[in-house]
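In the two complexes that follow, subunit A is the common piece, with subunit B as its partner first and subunit C second.
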Partner chain A sequence: MHGRVKVRTTEEEVARKQKERQEKLKKFKYAMQKIQGKRNQGELDKELLELTGNVLSSNPDIYTLWNIRREIFTLFLKDDAMLDEMCALYDAELQLTEYCLKINPKSYGAWHQREWVLTTRSDPNWAQELAVCNKYLKLDERNFHTWDYRRFVVSKCKPSLKDEFDFTTEKLHDNFSNYSAWHYRSKMLVALFPDVEGGRPIEDSHHKHELKMVQSAAFTDPDDTSAWFYQRWLLGAVRNSVKLVVVTVTKSKTTLAFNQYVSHDYVKDKIQIVFNKSTIAGDWISCTGNQYDIVWIFKHTETIQDDMEIEVEHDGDNGKNVVGCVKVKPFTFIGKNQISFQKSYSEPVLKELETQLDACRQLLALEPDNKWTLLTTTVFLYCIDAKKYHNEVIENLQALKSIDKLRIGYYNDLITKWCIENQLNNYHGDNSISFKISFDEKISSLPHLQFYSHCENVDLSNQNISSKGLPSLIVLQNCKNLSLNNNKLTTLKGFPSLELEVLDLQNNDLDKSEVDLLKEKLNCNIIF
Partner chain B sequence: MAFNTKDVVLKEDRPRTLLLQKHSDYLAGYGLDKDDFEFCMTEYLRMSGIYWSLTAMELMGQSSRMPKDEIIEFITSCQDKESGGVSASIGHDPHMLYTLSAVQVLAMYDRLDAIDVEGVVRYITSLQQDDGSFFGDKWGEVDTRFSFCAVMALSLLHRLDTINVNKTVDFVLSCMNFDGGFGSKPGSESHAGLIYCCVGTLSICKRMDALKADELAWWLCERQLPSGGLNGRPEKLPDLCYSWWVMSSLSMLNRIHWVDKKSLEEYILACQDAETGGFSDRPGDIPDPFHTLFGLAGLSLLGNTSIKLVNPTYCMPQETIDRLKLEPQVLHI
Partner chain C sequence: MDDDLPTDFEVIVVGTGMVESIVAAACSRIGKNVLHLDSSDHYGGLWASYNFDGLQKFIKEVNADPKRQWPVYNLSEKWYIEKESSEPEQNEDKKEGDENKTDDSKAETQKKIWSQANFTAEYRKFNIDMTPKLLFSRGPLVELLISSNIARYAEFRCVTRVLTWLNDRLAPVPCSRADVFATEAVSIVEKRMLMKMLTSIVGYNEEEMNNEFKDWNDKTFKEYLTHKGLTPNLIHYVLYAIAGGTDKMPCLEGVKECKKFLMSLGRYGNTPFLWPMYGSGELPQCFCRLCAVFGGVYCLNRPIDKVEIKTLDEGKRVVAIQSKSKTLNCNNLVVGIDECPKEMLPTEPVETSDISKAVFITNGTIMPSEKEPLTLLRFPPLTEEGHAVTVLEVGPATGSCPKGLFVVYFITKMVKDAESDLQQYAARIFDFSGDQTAESDKPKCLYSLYYNVKDTSVPVQSVASEVHVCAGPDVGLDFDRAVEQAEQVFKKICPGEEFLPRAPDPEEIVFEDDVTHGPEFARHDDEEGDAQ
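Our next item is the complex of A and B:
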């Protein structure tokens, strides 16, 4: 029951209403009984059409009644005597659905019946249906049933994509706050302007055009959220391909970490492990046991020597990539790929972003506490040059925590993620097998942790990690010494099976019994 | 033109504590009068109504107040012998929605023997299409809600292997939008209720990796309005049931801390009817069992310890999910 306000009335009024309802109920029950009786007797006739139609007119959600009507129509269709009447019956059915949709514009049953009639009759009038959609969208521009129905009609009568794209422009010019129209536009945009050459989601020239349009919408009223979501999407619309980020080979284990989740089939088909110039046979095992994973373990039967040449070949989207491994200590080899979290845009799009950044900064100068302007400025800075603007980005996110208090948790995790990216940009190239947070902000989650899957020593002490981060530690497949000293752990539930030697859990709010249990499970030295 | 955020203002005299006893009384009394107008007019969704009430009672530890034997007998009589599907009520047709509700209720009662399980499996598998989608019933309506119903019901029966899971996942993913959210079919706008269905499907199928987690979770946490309540789409009013659809999705994404728990809890409590018991969509509206379940389940996700732990994927007590040894996936963060 949605949006029905409870109103206080007199006892008399209550009694009157009660009586009225009892009358209604009596009629309803009688009609339902009669309908079911006729159906059980197989009397699928015009009278039953009328009976079900009457009940549906005030109760369009009784799905079984629509089913009965379809059964009747199906039967009529087989009857040659009904041939001349069918067209009128279908028209009447469309009228009934329209009547029902006036009672409840969100009735799944009525919308589906309309679709059924249009796909069943041999003479559908799609132009008329498109007009119905336009009419209903004028009454409620956000009714998702109407938009869905429009997409169904469009899939049948196939107007040009450009027409539909223009329709969204028209709707947005009526009201920029129409998120449904932005949504539909996103679908048209990638279909109309795909970038076939550069492999980006959208053609450059149009990408720029959309950025302009969305900015004028967002600036019309910065408190209206619709356009901001669309803009954030446009900014993120860059290509992201699978990359192998770290390879670790030790006597006990060979692990590969990727920048995104890949399937078992993917690693099996696309990756080759080469020891001393010969390809090694083996099996791939996901570190979590899932079908897709971010760290994969390669099980093989070769003996690891202290002097070996180890290479990993990745047959990626952009051609073959070979990662050579170097020895970082006896019997331990690490291979890394160049990485970058910087989004790459074409020159014209980048120029447009810079222009928009300027505009945002101007708007921000007028209203420094406007959440959306500040957030967008921050996202622009991150997208244009994350490294150069890192400090400003983090300062802005800190400011957003006090402007937009409801979403402090989001900003904390975003600070964590972008600080880790910045640290990775700076240090990913070295061959250290120790990881320690090198910035002042405390991390609250564990993004990109697979980039440290090669590390033996992982120091996550003095952070804000809560127990829900524990399962993420599974990617630390080569870790021996792990410190979670002084975090926000409250339980050890979900702590993964890692082959640790030392685990520091001091200064957390933990139960000793839980620590003892974990000690038994991991069989390692726990400092508590 | 000044832009007005659609929202409500919580009144000073709103309920601020959890009125458990009232809610239990409200649900125990619901439907006792078989001639009640509201009760009769909602017969077409009775099976789901039973699921809402029973789950709410289970979460409050009060399920003994529900007429167990009568409910089980009713479910048995609603199974269609021929198709194997379950209907909303006697005299209505079988449908995916009510087949799931029946399975959920029987799973909570540990009485799955009360229906022909093979029939249910046959019904659900018969509704899967070549593209991986599911019909709601033989009449061909396609919706991601039905994908979720299918995998949830089959997993509760430990029979997920009877459908093409990869195709099921592919279809759901084909409904992903620019904002990382999902709608009811390919091309449909993101909506928190359908996001719950799609994320839930991926959680059961253990393919949470396929989500754009950060984008989606950001969109979800932006559903929180100044009143503390959550809406289901941008620029819409808050509604208590989104406390469930949004918060359960965020729980599966392991990002429940992206919304402000305290103000959401205040909003949920304000939706209680202090006179009759039960929760409504917004403060001051008429309560119903649907919102009563989602209010209680929302509070459970927020960590309220006077309510039993709810499982975010199944919207059933965690103890039932543990008993059935199900482990729906939660994303790492």
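Our next item is the complex of A and C:
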């Protein structure tokens, strides 16, 4: 036949590849041996640079070789004769890493080496480095290594925040499934557009714009979670200050509960306990023994009298807040603060949320079983007016449990949290020292339990609390009677050391031996 | 005539249009002995691309001898600019002067004033297509180019945007996920509706398809979209721009077209389309090149005079072709419809509608954008009896024209003639005043060419089973029908053979005693020894 070409068959091809691989392996082993040999001999020279460079160009992930190269560079730096050459060597090193990153764009070693070169050499070109990052992000806009490295470069060359913010816009317009870009955007947003006047993290018009943008992404592709993360972050971007929620003073203990975790330094500096108009001294002890806590115990040597005047001063973010305590029974004083879980958005942002809620409702009419639409609607309702929409929110969450079965636990926890918050709405005026769930939904976890740290009687019977929730009980520092009757407890591991008198553990799937052990530890009456 | 062209071939292909070239490559690739002829001095036939000089020659040729390029008629060429620049030197000076100024933006906006002489001087920078077409990124031609390894002969650019004519102005069509996200033209509820419609059309399997559309057989796509609750804006995007349809488009066809469009998204760029660098006319040549690599013999400027079927002694039939007083024999003749002698065609003419086309050369894009755009614009019909109009705008980056210019193609089904069918569309996006200095939000049209082409895309059965007639270009956006027909012709000539199997890369080719060392490219003797 004329003009025909002969082509390798697939078998020949396989055999050829196999052979090639074996040869590669042989070469690799030989090179690694030689490298180790030279290093052991202390021959940290240019030849070793070349040897390690060759191996790295096909295997960029061998950390050891990058380490050896840095050793060589460090040695060269001490050598005055090398002075003129260093610049060229650094450039070559950058070229090598760039080559390696082409092979594996997620090579930790290569990115790290680049960082090392640029921070070590005296003449780094940061602008050029930023261009390299942008080039790599063009090739793979989601590579978190590049984003991470880029943040490092940005910290050095300091481009304008606005440019950086616009860069994220550009990247998100290419492809909005990009956690790194949304995250970076959130950082730029609060740095660039804080609401100085209103004391909120983000200025109104920008907060609105971002909400719009993320809603657009969420509606374009609801199955993409990156946008939802950003949306939740935006919705949570409200003023959030530390509040003292309840003070309890008894003969045995003085406890303070906060709405969020605060440090030892915080309570030491910001809180003053005043008995009969005089500030008293004492030590702060976390109830869990951690650095940050929501319930702090104040150890002091004063004697508690039945007719004391007790006040707690909190030097908070919004000025001084004085909580006066009332006597609820002999030798027991309680002071509470007005609390609200309602997020306080500015008027324009709230308007925007209402518009978006409206859009969600329209969509929901079109596709009532769409999980994302229903969830977003629910979150909006909660954020706009949790109290007003409480029943609708809970109904929606119940519906979501049957639409999205994989996340039943998540929805249960949300129901629990938001129902407790709703119950806490009447918290301030109530001076009872008993706590009982007052709604029909069963709770599956124990959020906001520190609000009840003053209660002597805590009735958590007939709920869905599992053993995982037990450690949270530590905040019940003043509890004497605790009922966990008819829950989902399977073990008592993690049960905190509380000074209980009666503990009801009936109707749980528990081992008697465990109960006996706990009885010994707590030294209380356990009903089982 | 005395030439050393061999006279006996297994396959002779006449005409270097798309279908013919694919068949030639496919036959040569599996070892058929192929001769490929063309009556013109260039490749492509009706599918050719011309530089500006070539275009002028083509126009002259058609005007002088209408029979030579019989499918083309109604040519009407018009200039909107001066023959010579009135003060060319001064103009240059002025430009330089501007560049020296510190105000860069002003220098940039200063547009070159074009004259006909400039076109002539830069004629080689033009590649003007007679049959401009796009490739769907996952369409049959792209797949064929990849699977056959012919793609290495070609270069492409992504179409950067799809536009439509909506509410009396140009509007970008949000067709990809990124577009839908970024657009401010539709509300968020519409975004969800649009994405839902698009993803469900792509996602339907056959059963779901049958289920969803069982009652829609005799209804229009527009009725379906309306039934699904899409807003008028969304219906416009989906029906006119994505499906490329009209109000009359049948539902199932609309769904099919949408699916084709959407399936091709996300492979190479932000739109589903590729445009061949240097024009669509490059593509037939890529196939010819493969044909030649596998031993095909090429001869341009070689018209054929007569075709006869001869029966030899054993009852074997051969096709005898008279060309320049030489007889060429083959078992199978593949011939483009525009080159086919009348005696080989059936006597009753095929019913077809003709095509109206236009080429405009302008001094700017129809809608400015950050980077040089490559645009597909789909006009819905503006009149009751009219058809949808496809517009392609290509710029210097595609190798179609010199810097500062754009080539814009218009294609539609003929109603009256090219000029009356297309002028009203062109008038909406171009400024025909010819005044290049006046401010205008539309680009200035510098040159226009209207023409009609007979639609020769309907397959024609020749009178002899050894003669295979290849269809000409259709009015459609893509090359799909040409690929399909080429494969059918090939299957007839070489039943049971593989259609364009992957051509080896040079390094995969084995030279006899060179197996272990891989591809050293040397030793001409050995290569020849192998071949014998």
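Here is the rule we use: the second predicted complex is superposed on the first by the 467 of 528 C-alpha atoms of A that agree within 3 Å, B and C clash if a C-alpha of one lies under 4 Å from a C-alpha of the other, contacts with A are read in each partner's own complex, and residues count from 1 in each chain.
The rule is short, and it goes like this: a residue touches a chain if its C-beta (ideal position, glycine included) is under 8 Å from a C-beta of that chain, and two chains touch if they have at least 3 such contacts.
Here the structure is a predicted model, which means the values were calculated and not measured.
Contact with subunit C, but none with subunit B, is seen for A:L366 once the two complexes are overlaid on the shared chain. Subunit A has more of its residues touched by B than by the other of subunit B and subunit C. Of the two partner chains placed by superposition, A:I527 touches none, neither subunit B nor subunit C. Once the two complexes are laid over each other on the shared chain, residue contacts for A:D413 go to subunit B alone; subunit C is not touched. Judged by the touch definition given at the top, the superposed model places A:V326 against neither subunit B nor subunit C. Touch criterion met: A:D174 reaches subunit C, while subunit B stays clear of it. Looking at the shared chain after the overlay, A:D221 reaches both subunit B and subunit C.
Judged by the document's definition of touching, subunit A residues 1-6, 221 lie at the interface with subunit B and also at the interface with subunit C. Within the complex, the subunit A residues that touch subunit C are 1-8, 12-13, 172-176, 215-217, 219-222, 356, 359, 362-363, 366-367, 373.
By the touch criterion stated above, subunit A contacts subunit B in their complex at residues 1-6, 21-22, 24-25, 28-29, 32, 36, 59, 61-64, 66-67, 70, 108, 112, 116, 142, 144, 147-148, 151, 177, 179-180, 183-184, 186-187, 221, 223-226, 229-230, 232-233, 236, 261, 290-294, 405-410, 413, 417, 445-447, 466, 468-469, 471-472, 474.
Of all residues in subunit B, those touching subunit A in their complex are 1-3, 5, 35, 37, 40-41, 44-45, 87-88, 91-93, 95, 137, 139-141, 177-179, 183-185, 187-191, 206-207, 209-210, 214-215, 217-219, 221-222, 224, 226, 228, 233-236, 239, 254-255, 257-260, 263, 273, 280-282, 284-288, 290-291, 329-330, 332-333.
Across the interface of their complex, subunit A is touched by residues 31, 33, 177-178, 180-182, 187-189, 191-193, 195-196, 229, 294-295, 504, 508-510, 515, 530-532 of subunit C.
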